[in-house]
Every structure is written in structure tokens, then in C-alpha cells.
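One structure is given below, represented as C-alpha cells, and several questions about it will come after.
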Amino acid sequence: MKNRMIDNIKLGGFVIGGMIFLIFSLYMIGSNRNLFGSTFTIKTYFHNINGLMVGNNVRYSGIDVGTVKKIEIVNDSTVSVTMLIENDVRKFIKQNAITSVGTDGLMGNKLVNINSVPEAADPVEEGMVLKSLRPVETDEMLRTLNTTNENIAGITDDLQKITQRIKNSKGIWGLLQDTSIARNMEAFASNLNLASKKVVLASDELAILVHRVNQGNGVAGALLTDTTLTRKIKSAVAHIEDASAKTAQISRDISEVMKQMKKGQGAAGAIFTDSTTDRNLRQSITNIEQGTAKFNENMEALKHHFLFRGYFKDQEKQAEKDKAQKGKTEPQPKKP
Amino acid sequence: MKESVIEIRNLCKSFGNNHVLKNFEMDLYRGENLAVLGKSGSGKSVLIKCIIGLFEFDAGSIILLGKDIQKFNNEQWDHMRRRVGFLFQSNALYDSMTVRENLEFPMRRHEIKKKKSNEMEGLIRETLANVGLEHTIDMMPAELSGGMRKRIALARTLVLQPEIILYDEPTTGLDPVTAREISNLILEVQRKYNSSSVIISHDMNCINITSNRVVMLIDGKCYANGTYSELNSSQDPKVRDFFD
Amino acid sequence: MKDVFNINKTLEEVGGISRFAARFFREGFKPRYEFGELIRQCFWVGYKSLSLVGITAFIMGLVLTIQSRPTLIEFGAESMLPNMVGISLVREISPVITALICAGKIGSGMGAELGSMRVTEQIDAMEVSGTNPFKYLIVTRILATTLMLPVLVNLSNAISLYGGYLGVNIRGSISWALYWSQVFNALSYSDLVPAIVKTVFFGFAIGLVGCYKGYYSNKGTEGVGRSANSAVVVASLLVFIVDLIAVQITDLLGLT
């Protein structure tokens, strides 16, 4: 009898357990509400969501804190994204946090990143709208790269004209008598050298990349079968090559100038009294410096872009490997 | 003087082309132990299963305690089976239940159910004591020996205090000593419960001990009828086959 | 093997089961309900199957999740993993796996138990004791499986979804709250309700076949073994047939 009763109690527990889960499921489906640890929603507007889908993760400082709940087109240039965020992290997300659409890994899902900004602000509230960042696009980046290259080309053109004028003008040699200017000139020349080297390096890299893309190997290659994209990259490379050729020409000219400067010291003094030329020269130096800096920046951006990351990583790995091999081979001759 | 509790007239039963019972006739009188003797497969078991309603018969009539069972509905059968007990050849103890639950089982359907649980407990203990196995009340049938199981099965039949008990080969599968014990128990039951019994068997010792009268079932008919000693002295070769 | 291709035997079997089902409805709804025995059977069918069903469900949930991940990653939809696992578990896998496990455990158990009761005349003994064995043994068992299978499937849903949660967390990372909210966001009533309703029929089919095979078991040990065996085979087959019919009906009703 007692056993029977215990059995009945177990059966009762079993049936009630099953029923509770059924009712719970029905309730959950019906209300679509989250009973486990409450959540809250925040909103953000994007210009372009790059294929973000409902259900994608939302990350705050790299931690999964929620999902995309709803995506709606508000008007021709705005898409609203509603996100479901766990309540626990509410106190960390500030009202001035910036959202952006990102990618998980090289080929992973789209996701929304929420990044904090150094300035202090109150935590977000339910239904609040956060500011958003335009997602970085390959297309846009290549466009900027193109413009930069055009700028460099223009600058080098100018520089060529200037050096031509320096070469042709006798008065400019006066300037070269001033040692500080000469030192500046030297620094400029070395900068120019460095810059041109960098340009050459960059164009080499790009050329390899384009080659690879054309061959269609590697992940980046597979992605870049889009012909417009390749055409753009090609034109960018062409620009770079053009620019570097010109830079080389300039440095040749300059070295010639320097040579002549060494030969005839006295004659040079008169030329460099021309202050406008001096100013122009200085201006062109800063221009060219800015140009190379921008170009570097672009290359850096390119490196970080997901399409090319794999390629650059490979390069880095290769470099490290080379280094390691060198490290291995170097100590050997010391032994005997 | 003799009140008939079972009257069987012209009973016919066949399975396909196998005519097991052909115009079988038999009477059981109140208070007597009637043994039905026959070879294996001669239709003895079919006969008592027809009496208790487990088989439907093809023709003839069975009058059980004054009622014709052919027209019985379920309710009438329930009522009748309270008064007629059946001891199965294989005991048919419910092996998922304890001895106590086995004995309670027949009572759950009948008027006795209305009794209080302590009265039921008393009845169960008394019945178990009558078969000499009171200590097994909380055991499972699987823990018992063959002879004990037979006694428990008998106790389960007796617990309803039936007027008629049908024994289906009560000593089959038991050793001679246990078989004799069971046979003596059947006699004891007859005395204690004042019941009438039909005992199906081909065990001559059992029939010798228990029966007041013997019916021989041969070729689907009541071939011979008499006391054990009467039949023992018969010269009929078919009857002699059993006694030699 | 011969039996499978024997048309007459198959038809006879179908006819026998149909008649048995008709008898269940005829006798099951007339009074003298065996509540005590029904509860006991529910205990055996439901509670005693829980551990087996639970383990199976847990593994199913875990494995399905692990198996689905690479494909979803290929489509760039890794974060849809809970949704997909939730839908496939609740709609199909959990009910069918639970039903098959129960067909194996309960079907064979009933086939063997009733078969041996038949062989050892226990069923006759019940009849003689004034208890209708069909009501006491068959109706209670069929009702028990019919009532308990939906409960089991519900618990199996819960356990397999928990397995799925662990599966997602093996390689990815998802919070407890987010997982459940994703699962339930993906589900709708038209996923859950037909799935639960069909388990009622699964349960009925398992109980019916198990009881039929046991109740009409042949004499002898071989008969018991055969009835247990064919109870499992026919019950499993019937589960799939019922599943096929159920999916067609839900499709017709537009509940997809």
C-alpha cells in the first residue's frame, strides 16, 4: 500500500512536470516573452545593414549580449534595427555607445557591435536609440584609395615641376649655401626616398594581391571575382605605379641636384635666396609627406579589412617564418 | 435426495474438424467430488472451461446452479463466477502481485468488496491458514515452490467461498508427495467449505483420494460413470487402460 | 520474412487490430472504470520510461546541434542554430524518437507481459474472477500509453532542448536566456500543437499493437517471444504511418 502511494506520488510528479512544460511552452510561444532573466530592447538606425538578419548576435565589447529582434526599413536611406539585450549588461551600455554592423570572423555571420565611447554617460534605457557608425565597405575603401593615389600623382607632378625649375634656375643654388636648408634638403631627400620605397613596396604588395585575385586563389580571390572590384583595384595599382615611377624620377633629379650642389658650392648661394621657391619647396615637402601618410593609412585600413586580412596575415606569418629560420641558421656558424 | 448443481446435456464442442465433445452428459450433485478422467487432449479442460464460460459450446445445454448459462450476459456471469471457483492447471497466479493482492483480486469485483478492509484482511488470512501458508502473505508468487503456488491458487479460489469448485488437473507437475498433500487438501476443502467439485485429472492417486464418483471422458462422450472402486473392478478394456 | 509479403496475413492482421481497436472504444467508455490499474499502468508506462526517454532525448538534442552547426556556418547562419534545433526537435525528432523508444520498451513489454499472462492462463483467471480482463488489462494499458506519451514527449522536448543548449555552447557561446528566447521565438503554435496531438495517436498505436499482440499470443514460450517481437515491429511501423498521416493532415489544414 505504501509503495503504491509512493508510486502515485512519482507519477503525479511526472505528469505535472510534463504538463508544466507544455503549458510553459504554449505560454512562451504565445507571448514571445522571455521568462529567464529579463531582457530589454534598444534601437539603432543604419544606412546599410549589409545583410544583417533577425536573430543575429549583438555584441558589446566582444561579448554576446543579445540578438537582433526586428529589422525594418524606415525610409529610403534608413533601416531601423531593434535589438533584444540581456538586462544584466544594461548598466554597462552607455547612452552614447555607438553601434556598427560587423562580421564574425572572416566569413562569419553579420552582427551588431556596440562599442563604448570614453565620455561618461548614463546607462541606456528601454527602447532608447543608439547612434550608429557606417559600416566599412570594400567598395568605399577602394574609392578612397583611388582618390589618394590621384592626389599623390598630382603632388609628384608638382614636385617634378619644382625640381625642374630648381634644376633650370641658377638662382636657386644660393639657397643651397644655407646649411640648415641643405640639412632640410637632405632630410627631405631621405624622406622622399623612404616614401618612394614605401610606395614601391605597397605597389608590389598590391600587384601580388591583384595577381592572386586574377588567378582566383585564396579566400580573398574567391570573393573578388566581382569584375568591377578588380577593375578598381587594377586602376588603383596603375595609379600607384605611375606615382612611384614619378617619385623615382624626382629622386633621380634630386640626387642630380645634390651632386651639382656638391660640385659648385659658391654658385648655389644665389639661387636659394629666392624665398618663394624655398616656400614652395617646403610646401611640396609637407604635401608629399601628407600624401605618403595618407597612403600608409589607406594601406593600414586595407590590411584590417576582412577581405585582405587573410592575405596580410599570411604575409606576416611568412615574414615571421623567415625571421625564425634566420634565427635558426644564424647561430650555427658561431659554433666552430 | 441428490440436488444437481451442474447439469450437462448433449454438449457438443469442436475446434475446426476436431470434434472434442460429442453429446457429453454429466451431472454434479451438491456436496460431492466428481472426478473426470480422460486422456490428455480428450477434452477434459475444454469441458470445464465450457462450464465456467471461457469457451462457448456449439450445442447442448449447461445448467449451472439452476440457470442456463447459454443466455448469460456479462453481469450474470460476474454473479455466477462468484459462486463457482476455478483452479487453473498452471495456477495462473498474477505474478506482478503479492500473494495478498492475488487473494484480494477476486474480491474487488464482488459483493465482498463492500466489506471493510480489516474484514477482508481477516478473510485472506483465514483462507491462507486453511491452505497452511499464512506466512507467505507478502511474498511474490515467483518466490514460492510449485506446491505452494498451487495452494495459493486454491486459496484465491476459496476466498470467495464458492459453492462449486472446478479443478483443472490439480496435481499435474507436482511430485507424488506434494500431489498427495494437494489431494488431501481438496478433501479438506470439501469438508470445510461444504462445496461441490469437479476434478479433472489423469492422476489415478489423486482421483482415488478425492473423488466420490468418477466420470470417464472417452471420445467426447461420458463413457463410464461410477465410484473409483466400481470402475477399478470394471472389465472394459478402455476403462482398464487407466487403472493398469 | 515470409510473413511480410503474405498479403492475406497482413490483411488479417490489420482487420484484427481494427476489431481490437473497435472493442477498445466499445468497452473503454462503459462504466466500471479501472482507475487504480490505470494509474498503475501510467506509472509503468510514463514514469518508468522517463529515464530511457530522457537519455535518448538529451543525446538527440546534443547530437543534432553539433551536426547542424557546420551546415549553418556554411550558410553564415550560425546564430540561427537554436531556432533550427528548436523547430526540428519539437516538430519531429522528439515526438518520433520518443514514440520509437516507447514502441521498443512499452510495446515489447506489453506484448511479453500479456503474452505470458495469456499463456499461464492469468487472463482466463481474471475472467473467472469476475474481472473483465479486457477492461482491466487492455483498456487501462491503451489509455495509459495514450495519456502518457504526450507527457513523455513534452519532457523529452525539454530535455532535448537542454541538450541542444549544451550543444550550442560546446563551440559557440550563448546565454541561457538568449537560447530559450531564440528557441521560443522560432516556434509557433502550429509547430507545437500538431506535434503534441500526433503523440496522442502514437501512444494509442503503441498501446493498441502491444496489447493486441500480447492478448492474442500463441501458447508457449515461442508465442510470447514472437508476440513481443512483432509488437515492437508493428508498433514502430505504425508510428511512422501515423506520422505520415499526421503531416498530411497538418499540411491540409495549413498548419505548416
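Here are some notes:
As written, the chains take the letters A, B and C, and residue 1 is the first residue of each chain.
What we mean here is this: a contact is a pair of C-beta atoms (placed from the backbone, for glycine too) under 8 Å apart; a residue touches a chain by one contact, two chains touch by 3 or more.
Small disclaimer: the values here were computed from a predicted structure and weren't measured.
Under the stated contact rule, the graph of chain-to-chain touches is a line, running from one end chain to the other without closing. Summarising the inter-chain contacts, the pair of chains with the most C-beta pairs in contact is A-C.
Per-chain Cα centroids separate chain A from chain C by 57 Å. Chain A and chain B have Cα centroids separated by 98 Å. Taking each chain's centre as the mean of its C-alpha atoms, chain B lies 42 Å from chain C.
Residues of chain B in contact with at least two other chains: none.
Touching chain C in their complex are the following residues of chain A: 4, 7-8, 10-11, 14-15, 17-19, 21-22, 25-26, 28-30, 32, 34-37, 39, 53, 55-57, 64, 66-67, 84, 86, 104, 107-111.
Contact residues on chain C toward chain B in their complex (touch as defined above): 113, 117, 120-122, 124-132.
Within the complex, the chain B residues that touch chain C are 49, 52-54, 74, 77-78, 81-82, 85-86, 88-96, 105-106, 108-110, 156. Put simply, chain C touches chain A in their complex at residues 39-40, 42-43, 46-47, 50, 73, 76-80, 83, 90, 148, 150-152, 154-155, 157-158, 173-178, 180-182, 184-185, 187-189, 191-192, 196.
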